[in-house]
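Note that subunit A is present in both complexes that follow, paired respectively with subunit B and with subunit C.
Up next, the complex of A and B:
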């Protein structure tokens, strides 16, 4: 059983190793890379199924028991995130078959892609604070190389901003880990959940804020988001889509993990700060998007804005709000990554990413228009698409606790998102192509296939939202009761002691 | 760099540094050292050779590309984790094979050693990839 929990990390690592060895044979590399992502998503779905049937699964590496060894813990949230990673891996691996050129393949695109996947899944599954840092570094380094692969000037410029800001965040993260260790003598999540309540509350709050800054940078929260729109528009779309979908969500995941499991000693203080940040993140993101004319930059700002909703769910800290937050993450990864993929196809058809120079896509590529409509309106929160349910639950959760200001902001930002998507629709799809420009030939079906798959997933999450909501509800309930997590990792005695401490 | 002192010295140092890097790696099981630091010293040895004789000579001496070293190293490290599967144990559980050599001496082989060799190769490969990329400019 423990092998299943480790598989989402071990499989990409093994694949990366084989791909490094097969460096010179790009045909074999492509087949291996795509097949591996298909196996990855299958294993992830099996993992989620097992977790939903039998509860949290734990792997203790090297048979060193927690809290002494490194544990991997697959609860509902982790398993859901791993499945989404698998889906995104398949989609971007297929898209990359036509999107990534020979030079980038030669420079090691395929192995790095799988190292990145290992890093993402490792961060989702680990049950240890320092191990989380290690996976963050793995994904940071591989994503930095992927971002700058190809050595174009703008890529390097974006890459330097990306890596500089993220390194600072890593240092704060590491410093905070040191303080936690000094305070409690442990770094295992479950063990920390037991011991942190005994520590002096003021110090714990300080440490919590350090983690907020560290993960806030990774998640692109206000006011630490500026590296994201500076870098995400530079790499090829297959890479940008994976980044846009997954990387910031790893930060959001880490925030959810620490602010539900570890730092819940003074919710009135810490989560109020989160709530303010979420409001500003939503607003600034959507206002930034309004000023952009490059589709990729516009979408990058929307990433930031949407992160606000996820943090809003976390900040409200009720089962319903967390449910909304997790559903929002899943919905957003699928819809947002798909918009990037669609923008890439649009670029092939019209020859530009600039809204002023795009046009005529509605007439020239009606099918692409349908795909765009589904993802864009889902992002804006139109019923019956997935984004509608995501927004509805988060807003409802806000209304239940009568947090009217944030509810108002959330609704306003929804409207502005709709405005922004309409702007893209009008400029790229309805307006005819500028004089002198011609529609290029049809892009390959391999580019369309992932976009269709993700659009269908968005539709499915909207029309048959029941099973998805049930899964996220189970995840939210687990998060609201940390003793479930503690029992799975450390056993009944520790969980009972913890419940005694915090009635 | 065309310096006869550096050339002569680096030939000597290459051997000593490589031996020392292996020593560091083997020592790392229960004393300071290990695959990572050993790999750095090993990479430094080759880098010194590259400075003295040019990176093409260093590449010719290595025979295989540094990225291949990364791949093989990563494979070895992951394989070390998989050895536990044969015993039905958790990923990365240490496996030991103790071979008696007579007269009370014994050779202890283990999956942590294989893991460390993997780390060594990954570090050498990564550093040399970077060094060669810089030298090519």
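Up next, the complex of A and C:
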């Protein structure tokens, strides 16, 4: 069964290799690229089904048993994230058929897109800290190129900030890995979960903080988020949507992984810091958004704000809170990426991303308005859309442990998000186009199709939230009991020893 | 042996950090190089600096005999060097391209030049240099 665990990484890598060979034939590239993402999402769903039926799946490469070889581990969280990656891959690949111009295709858009997917899935599936670093770099370097592809001046200026901050955070990440290795002599997640409790707690906390900084930059946490709004508005929307949906969430995933499996020796200290950070991230993000007039920048600030909710779930560190956090991630990826895609269509219709120059979309494109309403109000947490359940669970989890200040912040930020979305609605949809501007012709159905699909998914997650919540609940329960993970990777003996050490 | 290496790691990291905080992007790249080198050295040192033979297992034995060198940190550092090399090459090309397009490698000036009006009007057209 181990091929299935590696498939979500191997398939995009193979596709990328083929696409590099077919560089000069863009028609073939388009067909191959789209087909491959369809296969990817199918394989991912099979993987998630297998994990939900039979528990954690582990692959040991080259038959080197953990902790000596590199393990790939698909638990519920990893499998869910891989499925979401697959869905986003299909949506953005179809959107890109009309959104990415010939020049960018010649410069290698298609193969890079698949290398990025391989990097994202690799980061989700790996069970080894150093391997996680490698996949992070794979996704970073392809995202660097995708971000600056086309060499427009804004892209280069934004790209420099993105590259600079992310490279420094990679160095901190690598340094932290070196320290972990020096302390424990292992880098396998499961093995670390067994050994870290025996290490001196103070040192472990220091290392945990290094990881917090490294992943905090990738996840765009307060106060490390400045690179995001400086760069995410520069590439074409097909690329920006994938970035907005997936890249920060890889950072969030890594934070959840290390702060549930590895660094749980002093939850009162580390997770309190996380809680403070989550509050500030929510608040600063939404306030930043209020000041923006470019739709893409406004949405970029909302990414940051929403990351706060996910970290809040992690920081509260109860099964319910983690459930909320994971559900929030899935909901947010779908809704947020869709808003970027919709903004792209709106741009084609009105000729601008500037709220002051957009307008008349409600009259001119009623269907697009419906799509926007679903995603935007889901983001703001309107019942019965997916965002409502996500926010409800996180807030409920906060109320259960009586963390009232963070609950208050979460509710306030929800209100401000609604204000922000209403602002976009009014400026871009309700008010008529400025005098002298004309509505452009109707954009291709290939741009609408992914937006419709993602909007339906948002609706489905809201109206039939039962199965989605059940899956995330299974993921949260696994995270709260690291010995399940350890048993799957290292066997029963190690898990029993671990349970004995940490009651 | 670990102590002087640890001090060296610290000095290299501090110098690197100083350089990455400069506005001049070329200095930033040099800072990155120093950071990368210091982190590689950190991993190497974290694996403990010992004398030993190559960790090759003779036929018929389950483990290598006697003291062997720890091969894992070397493998890690080798991987990190290759990745670091790729990233830094990309960073250098990015700085070069930025200099071509914006005419400066000072980050503060970059923002100014970006805001200045430019001859090509719309943001629809992608200006890709030939």
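Remarks
Note that in this section the second predicted complex is superposed on the first by the 503 of 503 C-alpha atoms of A that agree within 3 Å, B and C clash if a C-alpha of one lies under 4 Å from a C-alpha of the other, contacts with A are read in each partner's own complex, and residues count from 1 in each chain.
As a working rule, contacts are C-beta pairs under 8 Å (C-beta built on N, C-alpha and C of every residue); 3 or more make two chains touch, one makes a residue touch a chain.
Everything numeric in this text was worked out from a predicted model, so none of it was measured.
Once the two complexes are overlaid on the shared chain, A:108 sits against subunit B while remaining clear of subunit C. Annotation for subunit A, partner touching more residues between subunit B and subunit C: C. In the superposed model, A:150 makes contact with subunit C only, not with subunit B.
Subunit A has no residue lying at the interface with subunit B in one structure and with subunit C in the other.
The touching residues of subunit A, when paired with subunit C in their complex, are 101, 103-104, 107, 130, 133-134, 137, 140-141, 144-145, 148, 150-154, 156-157, 159-160, 163-164, 167-168, 170-171, 174-175, 177-179, 181-182. Subunit A makes touch with subunit B in their complex at residues 2-3, 6, 10, 13-14, 16-23, 59-63, 108, 111. Touching subunit A in their complex are the following residues of subunit C: 13, 16, 20, 25, 28, 32, 35-36, 38-39, 42-43, 45-48, 72-73, 76, 79-80, 83, 86-87, 90-91, 94-95, 97-98, 101-102, 107, 110-111, 113-114, 118, 123, 126-129. By the touch criterion stated above, subunit B contacts subunit A in their complex at residues 65, 67-68, 70-75, 78, 81, 84-85, 89-94.
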